[in-house]
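The following pair of complexes shares a single chain, subunit A, combined with subunit B in the former and subunit C in the latter.
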Partner chain A sequence: MKDKLNYSYYPGCSLHASAGEYDLSTRELFKRLSIGLTEVPDWFCCGATPAHNVDELLSLSLCAKNLELAEQVEGDLAVACAACFSRLKTTQHVLAESDVKRKQVEKAIDAPLKLDGKVKHLLEILARDLGLERLAASVTKPLAGLKVACYYGCLLTRPNDVPNLDCVEAPTIMEDVLKAVGAETVAWSHRMECCGANFTLSRPGVVIQLTNAILESAKEAGADCVMVACPLCHGNLDIRQKEIEGVYNVNYGLPVFYITQLVGLACGLSSDKLGLGALIVNPMPLLKEKQLL
Partner chain B sequence: MIISQSTMDVDFVRKVEALSGTSVRRCFQCGKCSAGCPMATFMEHPPNRVVRLLQLGQWQRILAGRSIWYCASCETCSTRCPNKVHLASIMDALRKLSWDAEGPSKESYVQLANKLFLQNIRTYGRQYEMRLAAVFNVKSGQFLKDLMLGPKLISKGKLKMFHSKNKNMPEIEKIFTRIEEMRKKGEAL
Partner chain C sequence: MSRIGVFVCHCGENISRTVDVERVAAQVGKMPGVAFATDYKYMCSDPGQTLLKKTIQEQKLSHVVVAACSPRMHEKTFRKAVEAAGLNPYLCEMANIREHCSWVHEDKQEATAKAIEIVGMLVERVKKNRVLPTITVPVTKRSLVIGGGIAGIQAALDIADAGHEVVLVERDPSIGGHMAQLSETFPTLDCSQCIMTPKMVDVANHPNITLYSYSEIEQVDGYIGNFQVTIRRKARSVDEDKCTGCGVCMEKCPVKKIPNKFDCNLGMRPAIYVPFPQAVPNTPVIDRDNCIKFKTGKCGLCQKVCGPGAVDYEQEDTLIVEPVGAIVVATGFDLYTIDEKPKGSMIKGYGEFGHGKIPDVIDGMTFERLASASGPTGGKILRPSDGKEPKQIVFIQCIGSRAREKGISYCSKVCCMYTAKHTMLYHHKVHDGQAYVFFMDARTPGKAYDEFWRRSIEEEEAVYIRGMVSRLYQKGNKIVVMGSDIAVGVQVEIEADMVVLATAIQPRTGADSLAQKLGISYDKYNFYSEAHAKLRPVECATAGIYLAGACQGPKDIPDTVSQASAAAAKVMTLFAKDKLEREPIVARVKEAGCVGCFACKKVCAYGAVEEKEIRDRQGNLIKVVAYVNPGVCGGCGTCQATCPSKSVELDGYTDEQIVAMIEAL
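Then we have the complex of A and B:
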């Protein structure tokens, strides 16, 4: 048995607001798996897409400062949101490559840069650090008969040089984790198509069109539900699903789970501890039908 | 005027290349970026044409258009380019240049959302989605936008009403001001 796994934790803004159930289920699952998780004190926004969209230096500086704050807590940095994950890893990569940008960022945050801290998405921690075997050994209630469409979205795997989570075009890490906890996964076309997250405020019409195609593809593939590892994907697929059904006059009724919710369910955590009640598309009928509650 | 490679504005292209850390000139127009772009249907110039217009010195048309603001930063183009042109970074650079010129672009909603997002970081340290959405609706004059989502989200505890204190607020403000100062002195683009 390896030593106990310990991580510093950067939840990101969404997990403290609209994606509270992702935060809750992450903490509960890690507790159940005996993985240590300590939140970085007074972390702040990574700048997400809007910052790098118009001001790369600001984006790099905000992320570099957060990486510095994370050094106060022992362990690799665990990140839940695909966008934060992408920004923090991109920052490490860009600053390691460019002396000019590195000097500018050091000046902006008024501190020397340390870029060797490891940044890991929760998926990597479950699939690789803990490992699929140990994960499977923690399962008390296999998700037998549940057909899941794993949705990667854009930023978990792309582009090529960072974040290096899995293959950029045909990743399997989500499916691997779900199979380890006994679920079935479906093959579908839109698992890596963008949901248009960045436009949810400014151009919701764009989001509705893109997200509809994703839900349609998952439904056609015979999925019972969708699983995501990003609060922004979740916002579009779950919160906007009813609206999309209205616009296109269809009925998807696809519950959208966070990875930590499905894995947590298999590890015997209760619906309350996983925040299942906070999901907008009610997952209870499906879970009862599959005898998973 | 006949546009060709010789009408390229080399100074502008160099600026884009410096900001983005990638080559504009290496693109040979295979169109793979546009083929995979989920946003191409919303753009007046799809991604490969944005690069071609840069190569032909037509950058004013890009900065004035919507295409750069309709890029979702999904990185599909950068991932698939056979010439390793990091097009998503070129889009960032073009948005910055358009943004700094105070928006000759017709696309104002995306810019407004970006502006409010960055202001939120400076003021509160983190994003508070409800505040962001409410201010966006007021400033864009769309008072009823997404109103139906509100009660549902509140009842599910998904909208936080108040922001929490962050002891790094002075540090965040310093990052913003130091960057502004560096730019004033010409030490950064």
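Then we have the complex of A and C:
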């Protein structure tokens, strides 16, 4: 076993903006678990979901340049956002498969690519590289009694033809991690449904409808809260929750946590180090009730 | 010195149109070793063959080259003629100047020059042909049939009816296979049991059939005509000879609640059981994992109540060896594992459909048992969860089939038809119910098949929705089916009471290990490979082994029965002779050069290479060399290409001959 895990780190745009608490909790959790994270110097937007709908070369080149920058830093590339993860991984796969595209992209970014490192989502690092046993051993405050609905969204396990971090349609990796830190996970129907993602700005009506179905089924399944691993999912489920409750005249009151926040909590990190105060649906009453604060 | 005769055929005008056949004969006639050369309009005709025979005798020819069509067409014809004239048939070769020359060229001058070269090559090759004796091997006129489903039953009955002994081996306690589980069969809706069970009884009563149920193939040795098969008879714990099948043991057994695999775990059975009432043989078996006697040493009730004293707790597995001349493999299929990804499999499973978690999501075979008059509900369609009649039922086709992203790209062939049948059975039994079917395509090639499918829509009111389902989930006591209707381009949600998944057909678990015992090849899914997809669809590449039914690929009952009868016919053809004659184009090992590396053995697709000990006069072992069993060799030449010391050669295609042909160019 390697003594210390070290990764280059690609936070992605959201984590430097609306999802600051995801970035904060990631850094704090990894520090607590003695996992090295070195932010990729001078990283920029991966193009996310819009770029590849506009221009393939552009979208590949945006990700490729970031991959090339990450190659200058030691360790595999750790990614927090599901969309960044999907795009970076897809780019790496496409370029490794096609010499023609690789040459085009290398010309566009004016740099050679090694493509030898791996792109890993934080979940993979916790569940596989660190391992569930070692993760469980780091727990000081098990999340006993907390019923969590693990929400994967669309991009974490997709696209299908790129080597995946888990089964495309029926993954378990989130549940595995949460069980390792002592939480209870609920079986529910909408864990893989789309939340509407970036339609949140252009077509909020669609997002409200989709997100309501997700919150409704999480509530029905008996969850106390929802856990996500993507800043866009979080935005829709957390920030829009009040609005949805108004539209449908319901009361969900489901706090929406990032994976790193819940795992961090179990590893004994304090509320301010996890940025819990930044969540819109206030999680404090729930956490106090479960005696987790 | 060779006295070679060359006969150049015009093939009507097929050859002579583009090849100057007279010039070919004249030029070849001047080649060293050629004693005679002529041309003739139709060499294969009766006068052509007479010319050949007459010339052999008159000219005292030592070898013959017929320059005509492909050897695939007429090699046998001319070798027979040569043999009739008193020469060894393997001293005759064909030069292909039709397919390889006249048919593919236009310029007569160039084509003629090429034809001369082709014939010249064959002249050089035939000079080095050896006299080869026809190989004969004895035939044991008994057949082994592996698998007691409809395929194995049909093959066994056909061979037995032809007067040959058959050993039928079945892994389960009863024969019958999947067909015995079915309710009614497409496209005529006749009851499966009614047409199946009489055949099962015929097997049991046939004087030429020895049935080993609850038995498995342990080892297969030998070759075509001469196999030695070791069969493991698993301990049944009941003496088949003493048991009368009265069933008292099953009534008295205190363990009652073991899910019955035959009923797809919907019904219950005792620890001593027959899988279904019409089982053949009607002899119970003790499920030792669930029997109190075997678990704790107490109980023993079945032995006490058994009048004939047939129950035997001490019984052990026994091994028996059966000599047979031919083997029919009819091991059938399993259904796709729908739940989670099976370990170590390329198949990914359908966790998103909740099979195994949502009780009213069932597979097609479970629906068969619900619809069967002899099933656990007596033929009523009832939900496993609460026993209520489902009023909205959704059938989903292509679960696992044609789903490359899930690991299987092939079509399972029977699901379109059986789903159509399911909608009808449902409509017949639940008059106020509504059936929906999600499908990709409806594939109905078969006699009266499309009419049957149309009937399910037009008369039986099934609603077909073209599109696939992404997810199922339980909502209250309903199952929400989320799918798409691609014809209309909308998302569809149906709240169903029951969902039936038409799961893919896969080869039996363990099909690969059986194939390795038999020495037959299989594809990446473990379906057994036929020798030729079109022209030899029931034979394996390994001589003397034949295929029947779904072990070779997904098949419905009519196709399975046809293939089983075809396999039986192949066995009868083999048994029609006392000795097998076969072409002596086989590999021979030059023992002096062989170093015993057995690279040839590793590459041999036929399992023909054996190890042979060479000993001196005192009996001391000098070395072990390769020996090619001429009865098994397929004459492919792979060993010759592989041998590092050039010590194995295929007769008629030796290195010396190939080099001579190249030098003639």
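The rule is short, and it goes like this: the second predicted complex is superposed on the first by the 290 of 293 C-alpha atoms of A that agree within 3 Å, B and C clash if a C-alpha of one lies under 4 Å from a C-alpha of the other, contacts with A are read in each partner's own complex, and residues count from 1 in each chain.
Basically, a residue touches a chain if its C-beta (ideal position, glycine included) is under 8 Å from a C-beta of that chain, and two chains touch if they have at least 3 such contacts.
No experiment lies behind these values; they were computed from the predicted model shown.
In the superposed pair of complexes, A:Asn53 makes contact with subunit B only, with no contact to subunit C. Legend: residue contacts after superposition of the two complexes on their common chain; A:Lys114 is shown touching neither subunit B nor subunit C. By the touch criterion stated above, A:Val168 is placed in contact with subunit B and with subunit C alike. Contacts of A:Arg128 after superposition on the shared chain: neither subunit B nor subunit C is touched. After overlaying the two complexes on the shared chain, residue contacts for A:Ser189 are found with subunit C alone; subunit B is out of touch. Of the two partner chains placed by the overlay, neither subunit B nor subunit C lies in contact with A:Lys288.
After overlaying the two complexes on the shared chain, residue contacts for A:Asn160 are found with subunit B and with subunit C alike. Once the two structures are superposed, subunit B and subunit C can be ranked by residues of subunit A touched, with B on top.
Touching of subunit A by both subunit B and subunit C, each in its own complex, is seen for residues 160, 168-169, 193. Of all residues in subunit A, those touching subunit B in their complex are 13-14, 16-20, 41-45, 47-58, 61-62, 65, 69, 94, 97-98, 101, 104, 107-110, 154-155, 158-160, 168-169, 193-194, 196-199, 201-204, 206, 210, 239-240, 243, 277-280.
Subunit C meets subunit A in the complex at residues 340-341, 348-352, 357, 405, 471, 473-475, 480. Touching subunit C in their complex are the following residues of subunit A: 160-161, 167-170, 187-190, 192-193, 217, 220. Chain contact summary for the complex, subunit B toward subunit A: residues 19, 21, 38-39, 42, 70, 72-76, 78-79, 86, 88, 92-93, 95-96, 99, 109-110, 112-114, 117-118, 120-121, 125-130, 132-133, 136, 145-146, 148-149, 152-153, 156-160, 164, 166-168, 171-172, 174-176, 178-179, 182, 187-189.
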